[in-house]
Structures are given as structure tokens and as C-alpha cells.
Amino acid sequence: MALSLRHWILGTTLGCAVIVAAYLPPEHGPAAYQQPWEYRPPTPERQRFVALDAVRGRSRRQLALLEQRDAALGRAGTARPGTGTLLLEPALGPAASARLRAAFAAIWRELGPTRPEVAVIVTVVSDSAAARTISNDRIYYFLPSTRTGRTCLTLWSGVTWRILRGTGEDTLVYPIVRRMIGPCAFYAAFGIPGQPVERWLAARDFDLGFVNDWHGPPLVPATQTFPRRWLAQQVYGGSFAQVSCLAGRRADCHAAVLDTQPPEGDPSDWGRLPRVVEQQVWSNGRPARWLFRASTYLVDLLREQGPERFAQFWHSALPVDSAFQAAFGSSIEEWTARRQARHFPQFRVGGGIPLVSGLLALLVAGVVLAGGAYLTARRQVA
Amino acid sequence: MSERRLAVALLAVLAGAAPAAGQDAAALRARIARVEPIWRAAARLANLVDSTRRFGPLDTLRSGPLTVYASPQLAPLVRDAMARARPILDSVYGQETARLAAHRWYVVPAMSVEYSGSGFVIPVPEAPSLDLILTNLLVQASYVYGQDEWLGGFYGYDLHPERALADAYIELVTAPSGAARGCLLGSLPDCALAFGLIPGADTVMQWYDAQERRQLVGQTDFYRRRAEQAAFDACTAGSDAACVGLLRSTQTYIYIPRPLGSISRTSLLRTAFQLGGSGAFHQWIGYARSPAARLAAAAGASTDSLLSTWRAEVLAARPKTVIIPDRTAWVTLLWGTVLTLVALRSTRWR
Amino acid sequence: MFRMMLYTQWKWSRLLVVAGTLVAFAIPVLSVQSAGEYNLQHWEARALLNSIESWGLAYPILAAGLAVFMAMTAWGPDHRGRHVYALSLPVPRWHYALLRFGAGAVLLAVPVLAVWIGALVGTASAVIPPGLHAYPYALALRFALALLFAYAVFFAISAGTTRTAGYILAGIGAIIVVQVMARAAHVEFDLVGTIFGRMLGWPGPLEIFTGRWMLIDV
């Protein structure tokens, strides 16, 4: 008996029903991470040691930080507000010291006029035991506080110290010195921020103000430099709010820029001191925690809105989003969404396709089809 | 310390280990002093328990600064390897061999990897050779002294010393750098420059000329991918300023190839140690000076003298240009004969 | 006449349509198999997205496969019959070609519908963690566009003679030869990479195939 159309439809529907019955609803979450080898949990003795080691390591690190801070403050006790001081050690050698000092002076000049409010002290510490305890390729920024007074102090030691002194390959001195000054540049140029702004930035480890090159050219869109697919993978490594913000959702931009809770699993607390901001020296390749290309956020804002408006925002005593609205005339989420779209244009989530691509595909399909019809019309049959 | 007492002490320490908000240095020092003995005892206990669980009972073998824990069935072989390793290590590291005493090696049958405590592990197959254990010991010993920035790697016993100078020769004559060419022709300042021994040298401008910079940028995928397209295009189209800008741009310094890299630098270091004799490695590893100063101290001679000796050695080690080992020649001849015979038997000829 | 065309096309390709429909329905349903829990850690949510993304490869492959086979069945009988049937019909040949195309396109709408319904059923039964959303409509639209595009291309190729196919292959071969010769002559000119980049990347016509095919995403 030949099958009718109705049989085919019925058969297909039945097939779909079987698929639904077999696979729905989903009953489990994503597969757990499988160790590629047989995992045996550490022994209780090892666990105890690890816990003790963490306490010891944290305490030693904190102590080393305090000692280095106090030593630097002692050495630069006369630093005046509005000035920048670079503290180096004799072991660095005269040539490397001269290069660093020249770079520091040039960058300090580039920052423009400073406010006589905060003194900036940049310290490169040597390979002493204390310095090695804190190195880990991080820069520490001691924000002005009751202990440091009106001083923004930065501290750096570790791997890069050896690079600086060692090889004579000096192409990285300028970027290094810029990074050493870091967020303290904003303190130098604009003074101490209003409390809400400072609390917000410090809680995020100043990730929005790590770059201070506001007289330099803005970054080109990331998509001009990196493959889109690779960038998208990087972006998904951070919070979902930042991904969503890149796709243009204002509410998520609000969350991404104002959030101060690190994403789950972020090992950020390993002996932090209050009012000390830490930054990885080389953060390339690591996904942004909260916001894509966060480090140039404040610089972008300053470049676009100008120093007067930025200063108004910086000093505002209002909550951050209100201060932003008052100073720049647009909401923080709107501006952030625009900025993110500039840095990663045409970012899409889900199965959405850009209108241009869709239209282009239809156009090409139409042209190809017309070509096919034309060839058919010309066909000669023997 | 008994386990119970250790646990109680640990709890006490953890209770007092809140983040150090507002704590001063004195409080931290007191806490560290309290933790230190407990931490040491805990480390000893954890290492003991872990190694027993992981490898079963192990024999402890000592030879000078080396301490190796080995499975009993491997112990005789390991003992021999240690005996052979000692003079080699002494010749390479001199008095610095003492640093090895702070580390432990485990030589155990190969097994699945899992969480491990501290120490170097040498997993060996069922029937290991003495050479295998010896080589692993020597290689892992070099890790103890850490990587050297200037050298671009670890320094240790050279497994193929006969190749070192010939490889350096090839690097010297093929490096696309004016400094390396100058060195080849006999200019010692160029040698120093190519080795990165001149503090404050502008390496981008002095290592390479404009054409070499353009080739460097054009042929390096890193710049193609990451540089701003306009700068990259300008550079490859002939703008030296664009090339210099790209090479100097943030964080790219590590991608500027050194004209004389690890191979040549290791050979230079080896020459320095030969000149300096015992104690040379000690002079080298004290890292409070520039690489040039460390090399001179290790060699016990001026940098120029060292470079001159190295250059003479390298030029003398020029490898043969075309090498046809006897075996290869015979095998080629054999195959040629076989194929000719096969061709003669082809139906086309009949 | 279109009805007759549609009927004959259905007869020639019904197995393909039914199989394609079942697969099209199954892919979104299977892709949400890991979406059974609400409270996920960040890395677990990423693992879920990775799992869904791995299924995403199946959509363009299905679209391309369906398009190839539908285009072949659309012209196969005509090629075998040396186009006598087409010549005997009282319509211009371009019109005949469009009728053939239309019949295939209508039948391909069934797998598109299946993707859409499968996506709706899948997302309705899945537990979507906070921060993530379902995109059944966008996914189905993307699938429809990809299918239509691929079908148009393969239909046009299939409509031609063997010589036409030969020209196309020769064109692709020429590009590769030029690239190889350019490399050999040390000319820094990545022709293949540039063409593929332009076609596959935004805003190229093939971007619909290479983007994210995510039923659930941020």
C-alpha cells in the first residue's frame, strides 16, 4: 500500500513525539569537571598544612607590604602634595635608574597640571626577602588614608625588576612607568575623589582606572586587532552582565559597571589590606572580571567629556550613578553601552544575525538564483 | 607534635587569622612567630604521610647535598646514578651545589599523576636505565637555580656538549641583525650589543637596521595580528617610523627576537665558566649586577676578553656544510640498485 | 503547475524532508539536555553554554546538507531525462527554474518549522539559569536564512552543466594556485585567507553560518 501524505505527516509527528518523550525534560545540569587522572583528595595532614600555609603566607605578605610602605614613606617624608617622586634603590644601577627617572619625569609632565592635594610616590623595591614575599608580579597602590596621609603610594617588585635592570632592553620602560603610576595619576590630576566614587573604584580594584594615558590616542576597537571569535571567548570568561552589556542591554551595563562583587570562584582575597589596590602587571589574555576593556574606562570618559566635567564627577558626593548623570548629562548605563559598542562593535548574543549580513545573504542568494535561471534558459538540448 | 595538639594549635591560629584590617606590623610579626613552628611541624607530617600514601615505603638515599627517596627495588640503580651525578653537579655548579640540599627527589615507578606535595618526581618505566635516572637528576637540578632572564632559560649540564658551539655558530651567521654580523666579522662591541650586554642600549635601533625591522614586523605573526592595521601596513610599505613604533609599542618587547638567543648565550656562559674555573657559577648566580658584570666576574676576565675567546671557539666549531653519513650513503645506493632491478624486470622491456 | 511541481518534488525528496525534519526537531531538544538546574556557579553556567555551543555546529551542517540534497533532487530527474519534460511545458525556462526552486524552498520550510518548534519545546522544558535567555525565534530565523542561502547556491550550481561545475571548481583551484605561487615568490598576499575572511566574517554573506548558533545564551 502506498503511503499517503497524511501517513508521512503522522509518522514525522510521531517521531518528534518520541524525541520529546525520550529527552525531555532535561534532568541534570552541565557535566561536572572530569579530572584527566584519578583524583585522590589530599590527606587531612595535607589539608591542615595547606590551611596553615595560607595563614602564614597571608600574614607574611601583609607584614612585608606594611614594612615596604613605611620604608617608602620614611624615605619620601618631605614629598609635597602635587608632586611626583620616584624612589629607586642603588642596586638598580645608574643606567637603569637614569632611564626610569627620565621616563617618570616625561610621563609626569604628560599628565598635565596637577592639584596640590596628593603627593604621588612610586617605589621600585629590590630583591630583598621582603620584596620577594610580596612580588607575584603585582603592583600595589596605597590610596591616601589616615596612615599614608595625602599620599598615593605605589609599590612594585618582582619579576619585572629583573627585566628592568638586567638586559638593557629598554623598550618597555615607558609602559612600565605608566603602570607604576596607575590610578595615582587620577589622584594627582584631580585630587581625592568623593567618597562614593572612591569606594566604588577601590572595591573594584580600580579596574576602571588602571590606564592613565588620557592624552594619548584612544584604543581602536578590539575587533580590529583580534579575531572576533577569540574575543568572544574571552568575554564569556567574565561576568555575564558584561557580555550582556556588550550586546547593548542597558540594565546589564548598569550592573557591569557598578558591580563590586567579584564573580564566583575569583580568588581575590589572599591577604588584602584595607585601602590597598592590587593589579596584575600583565593582565593581557585574562578575561575582564566585570567589564570588557575596563582599564581604559575612566580615560575614555575623561577624553570624551573633558577634564571639567570629569572633575565634577570625580569630586561628587552623590551616589555614583547620580553623580554620573549630574556631571555628564546621561545615565551611566547609556554611556557605558555606547562605549562598549565602540570597543566591540556588532557583538551579538544568541542566534541573532546582523541585519546587514542577513540582507547580504538574501541578496547573494537572489543573484545566484538569477544566474542559475539564466543558465537554464540558455541550455541547449542535443 | 601529636596530631591532636597540632589540630588544636591550628584552630587557635586560624581563629586569630582574620584579615589584617587595622593591624599593625607588630601584631603581624607576633602572629607569624606563633605560626612558624606549627607550620614547620605540619609540613613535615604532611610530607611524610603523603609520600607514604603515594609511593609506599621509600628508601632514603643521600650523596653529598642530594637526598633522593627511591622505591626499594630502584635503590641500587639510583645510588649509582647519584654517585655519577655528584662530580658532574660539582663541576657545573661548584660551591652552589649546596643549594640542592634544600630539595628532595623521588624516583618511583611510573604511575598516574595525582596531587603531590613538594619535591621533584622522577617517574621511571618498569626497567629503567641508569642514564635515564642520571639525566633526570641533572635536568631537574637545573630547576633549583631558576630561570635566568638574560639567558632565557635554565642553566645546567649540557647533554650534548659537542653540538653547543656548532649550534652557536649557526645562530651567529644566520641572525638577521647588523650587530650579529659585526660580531661575526670581529667587532667585540657588536658582540656585546648582540648579546644584550650593553646597559641602556636602544635595542630596537641598534640590533636591527631599517630593512631588518621591516622584515621583522612583516614576518612576525604577532604584529600582523595585534598591531593596528594602519601601522602594520605603513611599516611593511617602508615607513621605518611605523616599524619602530610597532616594535616599541606596549608589551611587545618580549616579542623582539634577540639576535643571539639562548643557544649562543648558553655557550657564552659555558665559555665563561671554563675560563673562571670552580666558583664561576657562584659569581654568576649572585644577581645584584648586570649580566655583563656577572659574566665578567664568572670568567674572571674582562667582557671583551670573554667575548673574544667565545668568538674564536665558535668560529673554530664551524660545522661541516654537507654531511652524508656512511650509513645513509649505503642505504641510498642499495635502494637505487633495487629499484633499477625492478625497473629492468618491467613488462615494457620485454 | 506549481502544485504539480511541488507534488513531484515531494515524491522525490520526501525521505529527505522527513529525516531532515526529525533531525531539525531533535537538535534544539538535545542541545538543552544540560539545562536542568537553576542555581549554577559561574563556571557551570559557562559549561552549559559550551555544551549548547557544541550543538550549535549541527545547525549549519544540517542546513548545508539539506540544501545540497534538495538541490540535487530538484534537478536530478531533469538531467537524467535530458530536459525533455521541461522543454515540453508551455512556460519559459527561467520560469520553470523558479518553479523548481520554489517547490524545493516550500519543502525546506518544514525543517525550518521543526527547528522553531523544537526550540520552543526545548526552551519551555529547560531550566534557564539567571543571566541567560532563550533565543528560539532568532535561531529559527537564522536557520531559515542559512538554508535558503545554501539552497540557492547549490540549486544554481546544480542547474548548470558539468562544464559550469567545472568552471566553478577551476575558479577555486585558480585562487589556490595563485596563493601557492604568491607564497613561493615571497609575496605577502593572503588571497585565500582574505576571501574566506570576507565571506565568513562580518558582514560577509556566509556570516550566517559561522556566528553563534545558541538556543540559550547570555
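Every chain is named by a letter (A, B and C) in the order it is written, and numbering of its residues begins at 1.
The working rule: a contact is a pair of C-beta atoms (placed from the backbone, for glycine too) under 8 Å apart; a residue touches a chain by one contact, two chains touch by 3 or more.
Just so you know, these numbers come straight off a predicted model, no measurement behind them.
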What topology does the chain touch graph have (line, ring, star, complete, other)?
-> line
Centre of all protein Cα atoms: which chain's centre is nearest to it?
-> A
In whole angstrom, the CA-centroid distance of subunit B from subunit C equals 51
Centroid spacing, where centroids are CA-atom means, of subunit A and subunit C in whole angstrom = 38
Separation of mean Cα positions, subunit B and subunit A [Å, integer] = 32
Residues of subunit C that touch at least two other chains are none
List of subunit A residues in touch with subunit B within their complex | 37-43, 45-46, 48-49, 51-53, 55-56, 58-60, 62-63, 66-67, 70, 91, 93, 95-96, 98-99, 127, 162-163, 165-172, 175, 220, 224-227, 269, 271-274, 282, 284
Quick one: in the complex, what on subunit C touches subunit A?
-> 10, 14, 18, 21-22, 25-26, 29-30, 32-37, 40-51, 82-84, 87, 92-94, 96-98, 101, 114, 117-118, 121-122, 125-127, 131-133, 135, 138-143, 145-146, 148-149, 151-153, 155-161, 164, 201-208, 211-215, 217-218
Using the touch rule from the top, collect the residues of subunit A that touch subunit C in their complex.
-> 5, 8, 11-12, 15-16, 19-20, 23-31, 33, 228, 232, 236-237, 239-241, 243-244, 247, 263-265, 346, 348-354, 356-358, 360-366, 368-369, 371-377, 379, 381-382
Across the complex, what residues on subunit B touch subunit A?
-> 3, 6-7, 10, 13-14, 17, 19-25, 28-29, 31-32, 35-36, 38-39, 42-43, 45-46, 49-50, 53, 112-115, 117, 149-150, 196-204, 225-229, 247-248, 250-253, 256, 287-291
